[in-house]
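Right, I'll just put the structure down here and ask away after.
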Amino acid sequence: MTSADTVNVVPADGPDLVRVLAADGTFAPTPAAEPYLDLIEALTEADLETFYRDMAVVRAFDRQATNLQRQGHLALWPPSLGQEAAQVGSARALRPQDHVFPSYREHVVCRIRGVDLIDIIRVMRGVSHGGWDPTDPANGNTHIYTLVLGSQTLHATGYAMGLAFDGRSGTGDPDRDEAVIVYYGDGASSQGDVHEAMVFANSFRTPEVFFLQNNQWAISVPVRTQSPAPLHRRAAGYGMPSVQVDGNDVIASYAVTRRALEEARGGAGPRAIEAMTYRMGAHTTSDDPTKYRTDDEESAWARRDPVARMEAYLRSRGASDAFFADVDAEAAAYAEDIRVRTVALGGIEADGMFAHVYSEPHPLMEQERAWLAEYEASFGEEQA
Amino acid sequence: MSELTSMPMGKALTAGLRAAMERDDHVVLMGEDIGPLGGVFRITEGLQAEFGPRRVIDTPLAESGIVGTAIGLAMAGFRPVCEIQFDGFVYPAFDQITSQLAKLTSRTEGALRMPVVIRIPYGGHIGAIEHHQESPEAYFTHTPGLRVVSPSTPNDAYWMIQDAIASDDPVIFFEPKSRYWPKGEVDFSDRALPLHASRIVRRGTDVTLVGHGAMVATLLQAAALAEAEGVSAEVVDLRSLSPVDYGPILDSVRRTGRMVYAQEAPGFTSLGSEIAATVMEQAFYALEAPVLRVSGFDVPFPPANLEGVYLPDPDRILEAVDRALAY
Amino acid sequence: MSSQTFHLPDVGEGLTEAEIVQWRVAPGDTVAVNDVLVEIETAKSLVELPSPFAGTVGELLVDEGVTVEVGAPIIVIADAEGTEAPAPAGADAPGAEGSGAVLVGYGAAGEVASRRRKPARRPAVSAAGVVAKPPVRKLARDLGIDLSAVAPTGEGGEVTRDDVMRHASQASVFRNIETPEWPEVREERIPVAPEVAASAVAPPIQEPSTSPRVAPGAASGREETIPVKGVRKATSSAMVRSAYSAPHVSVWTDVDATRTMELVKRLKASPDFADVKVSPLLIVARAVIWAVRRTPMVNAAWVDLEDGSAEIRLRHYVNLGIAAATPRGLLVPNIKDAQNLNMRELAHALQNLTLTAREGRTTPADQQGGTITITNIGVFGMDAGTPIINPGESGIIAFGAIRQKPWVVDGEVRPRWVTTVSGSFDHRVIDGDGMSRFVADVAAVLEEPALLLD
């Protein structure tokens, strides 16, 4: 494919786009960013460094996981490469009591909330479907990945309804009021469940933020097939405010999410954010982007890389080489640790299949588990 | 001492729902038109007035949304009871039921419980238009992770709805809509049977008739007619479609040696087929005849004008009985 | 530290092979974990493979441009550190050949060469009551057999098809008619009512003259004259006497004698019978003796008394006559008290009788006192006949040829050894049902020699 064939290189900025960091890392707020400057100015140097560190470490993790798949250790890996800023910014906007409903690519969101990323590895290695226990407080109220596109938006909405019913939100105390954020993508936004989730959310005025990462591609289908109009404009149709943000700007992503969450938890109803970003890697390791997008496009977006952008910004604020070296070392160590732990992962017992299909005892489970045990044992008895 | 009250199944369900809601304030009802209208079959009549709109919730018109948000509510500690307005309208929710509701407990290795009940009025005999007389039980009995039940009497309805709500597992609760209005005795003092038990409701010696929901009444009619012809039929009410309680069925077949399963649903790859295969496997040496099935034809449910032809009636059941006895 | 081999993984969820496009390293290169080793092309895309090991490149095992299967070894790294992905569980199964070495490629497995050992067969679960498969139940019902009376021999306690068949044959063997023992008294005389005796008067017997009227010297050309004398004369007289005094009725039946043929074969092979001829006639002889016990009247004789009355002399012993064609003519020597002989003794007696007759040494005493006779017309190739009763007897059995004929067995037409048992009887002494029962009994033994164990 040549660049003449593609329209979708880098979309032009819309009038509503919130950005504070330009692609080259200079601080250049767009008009739409004005209302958020107070939040941004409240960020400390440590906060900014944390944003960068989060992005760099997960990028190393993501590259390691991709390599592990190429080495036969994982069946599949969906890379988050290129979407670090949208995810770090939004995750860092959450309060501890909030609830997260990811799709299946929000690796750094999970990490920030406390999930051990080896649990994502376990899913991709085929030894677990869910990976981690969403009810364990150590996992920061992070629900497991949902592979059926868009389904989690209904679960998130139902959960948020429950918060509202139980008075766990909207009391006016932001340290206690709980909110829900749900992540989904441009492809999923076409699913009926997403529409229904927004209908229910607005009917019941849920304390909920719909966070759409528009990474421009649903496997090989460009976003213009999902919608010719900007996706964040749909929200108005449901009666909820929305904002479009440059998802490769971690600071802007933080700010818009923070505001949306505070409004939602305060009882103002659900909010929607569209984060414009780019899936710099393939959809998963089974995919081949060379078949449907151009080098030109990928290069153009590489020049808007969120991590490089933040590095440039931090350097402009005086961050030292030592700092970046330290981050690189941490990232490398983290990735190495993931490798070590991945290759050490064991298998699962066959009779585990029956253990948790139901919460209560079930005769067919007992029967089939016993049959399988007896069947396997029968081979052991007949040694030649 | 039992207190027996005669009431229709619909009212028994209302009473059961009320009892469950009084018992646990996190039981919430959700569905279309269940608030002031009380549901198109009036099953939730009066409940919103009693418990308020936060516990009896009129939802937007979106079945997938109803079940999907119920899943979220269950995650947040609620026990949602969803009403799907008619059997033929459950399909938009099929993905949420099969991909999510049925699997979240095993997907999270037991961490998440899904105490969600989905009530579905089902079956024919009411002369309704298309999509309002379906029998989709098999889609759900075929899905691991779900429990599926269907009461045939007001008494069973009263107790089974409460047990379903109390279960930590997702329960698809099929309500035979043609049995909503006929009355029966409800014993408010004694549960008598667990949720997943089957029951012999008529004793006999020559053949075992098995069915669920509205079919049980038809089987009893067929048994009475058979008796007049000198054939003694035993009738078993399945009650629980998944899991199936085979105990009473096998006990019966071992005594009679012959069995007929009757169902409104189309026969091909139906629940009756599964039960027939299992009974033949478990009671092979006791069988004098193969297990026979009387089912709806394998066609979309026809216009109501033909429902009398389509649905198994006592004559169709007795025809199968005759065949079984001829072996 | 040692060498490690990297096997081609399944990089795309179910791929089975890939082409080595370009090696990015050469033997001797130092590599770190995750350094790109090679570019491969799969059915889905071009993919770079990172090294799972740190070390020195040892050997490149596949040339560029070559396609190899998932799981094939592609490169050896010497002094290697690092771990390769383990094979999936399925690859350990005996006989499994497959892409094996790829881990999570649980996908594309090769064919399984052989089945894991078969577990021991568990006996069928027995249910309450009679345990029998539906086809066996049908068979029992068709044969009129009560399954609960059948002894089951199946592994799980079930009644098998063979059990039913065995029960059926035994049931027909031991029919309700009991076979009485031989009475103590050797002969009973049964008076015949005068009116019966009167109606049974035979017309005068035309004794043939001792010599035919023949013109001497007329024997030549169109007609030959054979004088009747000696044995032929005696035989003819006897036949006339018999034929014209005893009202002869013949009955016959066809029977599947395959089991008799099998028994004869076994007896022939038995050491006990090594020194004696065994033929189906032996079985017939035993059958007749047995059948006599059950229908004693065939072993009786009608005797006209001088005062015009008659009596039936019922003998409780069998002097079994065997019609023998000898050089001198038809003789009927008999085996005295044949009922006391066991199978071997009877075989010897038959052999002696036959040899003696063939050698012309049969004495008159041998021929006197017979009580019932067998004539073997099968040796002439005949199936059945209406033989003449030996005077002084009331029944004669004709034993036909045994040959392969179509017979219905278990609902199918099969070749079996079939013979006809026919007999003539003195209707003054025995009625139709008696003679039929007798012939049927003889035939029954031919069909199921085990009846002789009665």
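Read from first to last, the chains carry the letters A, B and C; within each, the first residue is number 1.
In the analysis below, contacts are C-beta pairs under 8 Å (C-beta built on N, C-alpha and C of every residue); 3 or more make two chains touch, one makes a residue touch a chain.
Computed from a predicted model, the values in this text were never measured in an experiment.
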item: Comparison of B-C and A-C (more C-beta pairs in contact); value: A-C
item: Taking each chain's C-alpha mean as its centre, the one farthest from subunit B; value: C
item: Whole-Å separation of chain centres (CA-atom averages), subunit A against subunit B; value: 41
item: Inter-chain centre distance, subunit A versus subunit C - centres from mean C-alpha coordinates, in Å; value: 80
item: Inter-chain centre distance, subunit B versus subunit C - centres from mean C-alpha coordinates, in Å; value: 58
item: Contact footprint of subunit C on subunit A as seen in their complex; value: 63-64, 67, 69-76, 125-126, 285-288, 290-291, 339, 343, 347, 375, 378-379, 381-382, 384
item: Subunit B residues within the subunit C interface of the complex; value: 254, 283-288, 290
item: Residue numbers on subunit A that touch subunit B, as the complex places them; value: 128-130, 133-136, 143-144, 146, 148, 151, 153-163, 165-166, 192-193, 196-197, 199-200, 203, 352, 355-360, 362-364
item: Subunit B residues within the subunit A interface of the complex; value: 28, 54, 59-60, 62, 64-65, 67-78, 92, 95-96, 99-100, 103, 105-115, 144-145, 147, 167-169, 243
item: Footprint of subunit B on subunit C - complex, ascending; value: 124, 126-134, 137, 158
